[in-house]
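Residue numbering begins at 1 within each chain, and the chains themselves are lettered A, B, C, D and E in the order written.
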Amino acid sequence: MTLDVDFGLQRGELHLDVAFAVAAGETLALVGPNGAGKSTCLAALAGLLGIARGHITLAGERLDDPARRLFVPPASRGVGVVFQEHRLFPHLGALDNVAFGLRARGSDRRSARTAAREWLRRVGLERHAAVLPRELSGGQAQRVALARALAAAPRLLLLDEPLSAVDASARLLLRRELRAHLAAFAGPRVVVAHDALDAFALADRVAVLEAGRIVQAGTVAEICERPRSRYVADLVGTNLLRGTVHDGVLRVGDGGTLVVSTPHEGAVIATVHPRAIALFRERPSGSPRNVWSAPVVGIEVAGDRVRVQLAGQVALVAEVTPAAVAELGLARSVAVWVALKATEIGVDPA
Amino acid sequence: DGAPPARVVRVFAAASLSAPFTALAAEFERSHPGATIELHFAGTPQLVLQLREGAQASVFAAADEVSMQRVVAAGQAAAAPSTFAHNRLAIVVPADNPQAIAGLADLVRPGLRVALCGPEVPAGRYAREALARAGVALHSVSDEPSVTAVVAKVQLGELDAGIVYRTDTTVGGVTAVDLDPAQGVTATYTIVPLVTARPPDVAAAFVAFVVSPAGQRLLAAHGFVVP
Amino acid sequence: MNARRRDLAALATLLPVVVATAFFVLPLLGLLLRAPWSRFLEQAGSPAVLDALWLSLLCSTSAAACSLLLGLPLAVWLAGGQGAVRAVVRVLVTLPMVLPPVVGGIALLVAYGRNGIVGGPLARWLDVALPFTTAGVVLAATYVSTPFFVLTVEAGLRSVDRRYADAAATLGAGPWHTFGRVTLPLVLPSLRAGLVVAWARALGEFGATITFAGNLAGHTRTLPLAVYVALESQPEAAVVTSLLLVVVSVGLLFLLRHRWWPSR
Amino acid sequence: MNARRRDLAALATLLPVVVATAFFVLPLLGLLLRAPWSRFLEQAGSPAVLDALWLSLLCSTSAAACSLLLGLPLAVWLAGGQGAVRAVVRVLVTLPMVLPPVVGGIALLVAYGRNGIVGGPLARWLDVALPFTTAGVVLAATYVSTPFFVLTVEAGLRSVDRRYADAAATLGAGPWHTFGRVTLPLVLPSLRAGLVVAWARALGEFGATITFAGNLAGHTRTLPLAVYVALESQPEAAVVTSLLLVVVSVGLLFLLRHRWWPSR
Amino acid sequence: MTLDVDFGLQRGELHLDVAFAVAAGETLALVGPNGAGKSTCLAALAGLLGIARGHITLAGERLDDPARRLFVPPASRGVGVVFQEHRLFPHLGALDNVAFGLRARGSDRRSARTAAREWLRRVGLERHAAVLPRELSGGQAQRVALARALAAAPRLLLLDEPLSAVDASARLLLRRELRAHLAAFAGPRVVVAHDALDAFALADRVAVLEAGRIVQAGTVAEICERPRSRYVADLVGTNLLRGTVHDGVLRVGDGGTLVVSTPHEGAVIATVHPRAIALFRERPSGSPRNVWSAPVVGIEVAGDRVRVQLAGQVALVAEVTPAAVAELGLARSVAVWVALKATEIGVDPA
């Protein structure tokens, strides 16, 4: 039961052209900027949008293949979809929404409702069985949508930001529940997520979609270690620099330079982990080969750490402790000294 | 099924005959046990049209001769039509006759609102004939579609007067001013059994009953002038 | 904004409503005031009138049901897309609204009468004739009232968010299941409005009925036809009879109000 | 599902559409076949008929406009809530649909005639009389067609998601701005359907018009009245005249199709 | 220009009863589980929902006060709202959606559009001016909604998960942009967020809403240090334990015990930072007073760290490096040894 796709389609100004495969029991996270085509891609997989070229194949069966004039309508595909805007049926209560897929596939009313009730319990909403969607809170609605998709026992799961509105506690719970369910579920699944944690917690592999194309694909660890685009770097919280290396000196796009230790020459992608960047009040003396002064342009508290945005020669984000913020007197537009060891800069050919 | 069961005679009659024919049918059924009369009332031209489109009927009673001639010309009449009643024209005015109208000549008084039926309607045609005979050039404010419409408007005070059949002025709120007999024009009602009559004997019996003294008495009781 | 100002604003908003309501209520009120109430019971209770009333309710309800049957597929198809074919069909279906009812009746006779395009073969081979039967009344009423149903429901369907049907499809629901369980419930307000409109139009229908189905007491004489006959001889009775129609439909519509205009 | 099976399924879905369309088209076709086409131009081009056509278009369009003016506030108010008052008003407003048109005309005379409840004072103090005038035709047509508009638009308004109006309010839009810029555009399909229905109903209106406004060539003789008049004397000519009505409305509705049923 | 509220209302089964104040220029983050009443609270502030008791006061002006029969309608309140389900007007393009508030307040068409275009640019959608909402991606729609609320120049800003669908890159950008705008904006603002980073990045203070009541309020640092409910603990990623201390021993609800160093006795709330928990393959010998064996029930990769869920005597989440995972051979249902210093357990009276 492998999902194997290679297709192109045009929607408005977006030209989507992707190819990937997801094995049975595997979860692929689809990440990418807004408007990259993630939801469009899921719609094509679900059969809500026809493709213009290529094919969509599930478990060896062609679901869509314009060249052979083959198109399996959505109802016969056995896909479960959680839509980004949940799309709960407004005239049905939570329970009947969840039971809908079972009823549509021919279950009798009683057994469908029993199964649906169990699903509501799993997403923590057994007490909201009779509640209409418009009377549900945003997060509750999203959980019902999740239960609805899972209850229909699909062959292929497509989840479009299934946890974006779910609260922190339930998220832990649902992530676990979802993982457990996914483990029990034999088919392939594709998850769209903006939240790195969600994506990485649920997925085995990640595909990064930008402007309709897959720009990077790999395991979670690979993506985290070597992000190849600004978007992924931002997602995993790493600094990403593009530039050219010449004689051990990296010249960044904006004109700044950094000493790096790499055998590569020419165009490269460099990554710098925010925690590898040290900040000082006075100019430090010591081993770091890169030392410069930069103004602070932003400070963000992130849990128990603080992310400091730096402008200047090379724009970077550093991560420090709240204690350091107080000690250094960090604030917007204060200038600080930045130290960065050459060995902390990861360099890959572009 | 559109065809009536045996011994049910379907009679197409002009709408203005609704009251006397309802009574006639009841009387006929009493004197002819087992026979049933089914009455269909509509405007005479409409009846002609329905007959032309193949409507099944046994007897046709028309309010004007032109319509009857059309049916005869179409070969739908099973016998020669018989005249069974006349109607006289009259001026209808509000109950207390506030404008003190005495005859056709009064109708052209300035400020009066008077309406006739349209020239296509028999009553309108007769009224125009009468006016012409009396030498009165009347301007009708509206070509009304039926005498009942004229009567209703007089009743509601919308019109000061109208020219209608004598039989239509028996309702409340209005009164009739009879025409000078010299100016009077009479409408002629005719009846005929049709070729599609089922059963033909009962249809013929009904036509005979209408022109019989008993039938004529009933018609007279409803204000019609009998031949 | 203080309370007085708010009240004035509310009044200004309510004024057109009051004017519009008055426009419709005054004529009725006038009829009520002029009607010979002393004779109401005697008149309205007469077997002939009760027969006509019963026939009217039967035929208008049947016609509304036929509107649903004929009109719903049509509305669904019309709402399903664009294009010249749909535009032409929509216009053709709209025409019975434009046709004067009597002419509509003639057209029905031409098509479904005993010598008609469809009626002829029907009468000859199946010995089924529609004119001058109760079925003919229903046919005539259906002919004049279905277009109202179709246009109302099509408009409703066009406002329904198609994404719900998509969601149903991904849950394995075929087109019928989706239509019955998702689209139909969502279009319910317009469907109900369409049915009420069709029913009311059928209840008041006169011209096409008298032309196509005739005016036979007990078979095709609905209340509007009875009113017509009564107008010839006793106009007061006619007014009373039509007030009966008013009273009955007021009662029915009022009883239905919770089912048909439920709170959202 | 292979292609053949799919085609069959599509056919099964289309069948009711074809049947319904045929039901409406056959009578028209019949009229067309029987009409004395040789006389069409002569008949349809006669000044009397053209006058009547022009009057019909004028009056039905005015009536549709009046429906909008009177009906929109009413529909908005009716859709704005529940309760017995609204239920009663809705039923009262629905009644002109149920009333046989001739009785409706009498009711109009009682209210707006020279001696009417409203018409009396109007005639006495302002010297304005409505019966037998073109304004009277518009009044009668408005009376019979507005209810269709109100019910259709109310249903549409009830389907509109109220949360958009809420969002507009938080952006500082007062009730009028919100209504004009948010609610109205959202209810547009139903509004258009309501207008078409009201217009078509007004165009075909006969009974109330002839009763209230009379039948005066050039002033109140609309095409349906002309048809009725012709029916009395020369039925074939009547059919031709009503076909003119059909042709004109086909043309208008077809021309309007892009504006009124735009692609979504 | 202070927002000062103290009100109660009933909605369905939820009884919402809250009191808080937000100073001019201050941002309050409203956090809490799904269905806690956060959106309901914002609706009351915006005037879309009447309150049953109490008052809502902005800059000294009563906006809602049922006791005095006072109610200022939403259009006159000058609030800007970003709704959880964005609610863009479906018949207007992105530009006209953003211009709507200005037009409603009487701007002429041209200047409203010019201003709106500038706002679209700020949220990175200047190229989508004419696009209808249904043709926007989820995140694009949310950004337009944000621009729409901000463009109307409100006195009070209410943002209901304004960044939930926004992608990682845009999020950094928007967070910064939003902060900059908020800094320029004199009025009070209330932000609902499920994402701790969003909440903490944007807010000065946090109020935690649970089941219609505020259970904790304070600065970001206070909340992070001493979460007083499971929800907040999950939000900030800390372990929270409720139990009773007796003679320096904490007995947790489930029956487990931990040695703690605290002067308190009786009912307490204890917090344990995930990184303070050490995991071992073999039983460690050494200083930690609490050592026990526990099965691993879940592993989540979170950026460059791994969160390990432990069952056993006391259910906790530990945070370790990916290297440690490999070294310890961590996997689901593997048993590990857990060591926790008594001094790492924060204890507060309940």
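FYI, contacts are C-beta pairs under 8 Å (C-beta built on N, C-alpha and C of every residue); 3 or more make two chains touch, one makes a residue touch a chain.
Since the model is a prediction, treat every value here as computed from it, not as a measurement.
Student: Work out the mean Cα position per chain and let me know which chain is farthest from chain E.
Tutor: Checked the centroid distances; the maximum from chain E is B.
Student: Quick one: which pair of chains has the most contacts?
Tutor: Summing C-beta contacts for every pairing gives the maximum at C-D.
Student: Among all other chains, pick the one whose mean CA position is farthest from the mean CA position of chain A.
Tutor: B
Student: Report the inter-centroid distance (CA atoms only) between chain A and chain C in whole Å.
Tutor: 55
Student: Which whole number of Å gives the spacing of the CA centres of chain A and chain E?
Tutor: Here chain A and chain E have centroids separated by 20 Å.
Student: Roughly how many whole angstrom separate the Cα centroids of chain B and chain D?
Tutor: That pair's centroid distance is 34 Å.
Student: Out of chain E, which residues touch more than one other chain, so two or more?
Tutor: Expected reply: 73, 76, 85.
Student: Quick check: what residues of chain C touch more than one other chain, meaning two or more?
Tutor: 102, 106, 110, 116, 175, 186, 228, 231
Student: List, in ascending order, every residue of chain B touching at least 2 other chains.
Tutor: 46, 49, 152
Student: Okay, in this complex, where on chain D does chain B touch?
Tutor: 106, 109-110, 113-116, 131-132, 210-211, 214-217, 220-221, 225, 228-233, 235
Student: In their shared complex, at which residues does chain E touch chain A?
Tutor: For chain E paired with chain A, touching residues are 12, 31-36, 38-39, 84-85, 131, 135-140, 143, 160-161, 164-172, 175-176, 179, 194-197, 200-201, 220-221, 224, 230-231, 234-237, 273, 298, 300-304, 309, 322.
Student: Report the residues of chain D in contact with chain E in the complex, numbered from low to high.
Tutor: Those residues of chain D that touch chain E are 163-164, 166-175, 177-178, 181-182, 185-186.
Student: Using the touch definition up top, name the residues of chain A that touch chain C in the complex.
Tutor: Of all residues in chain A, those touching chain C are 46-48, 73-81, 83, 85, 87, 89-92, 100-101, 103-105, 148-149, 152.
Student: Which residues of chain D touch chain C in the complex?
Tutor: Against chain C, chain D makes touches at 13-14, 16-17, 19-21, 23-31, 33-34, 70-71, 73-74, 77, 82, 86-104, 106-108, 110-112, 116-118, 143, 146-148, 151-152, 154-156, 158-160, 175, 186-187, 189-190, 192-194, 196-197, 200-201, 203-204, 206-207, 223-224, 227-228, 231, 235, 238-239, 242, 245-246, 249-250, 253-254, 257, 261, 263-264.
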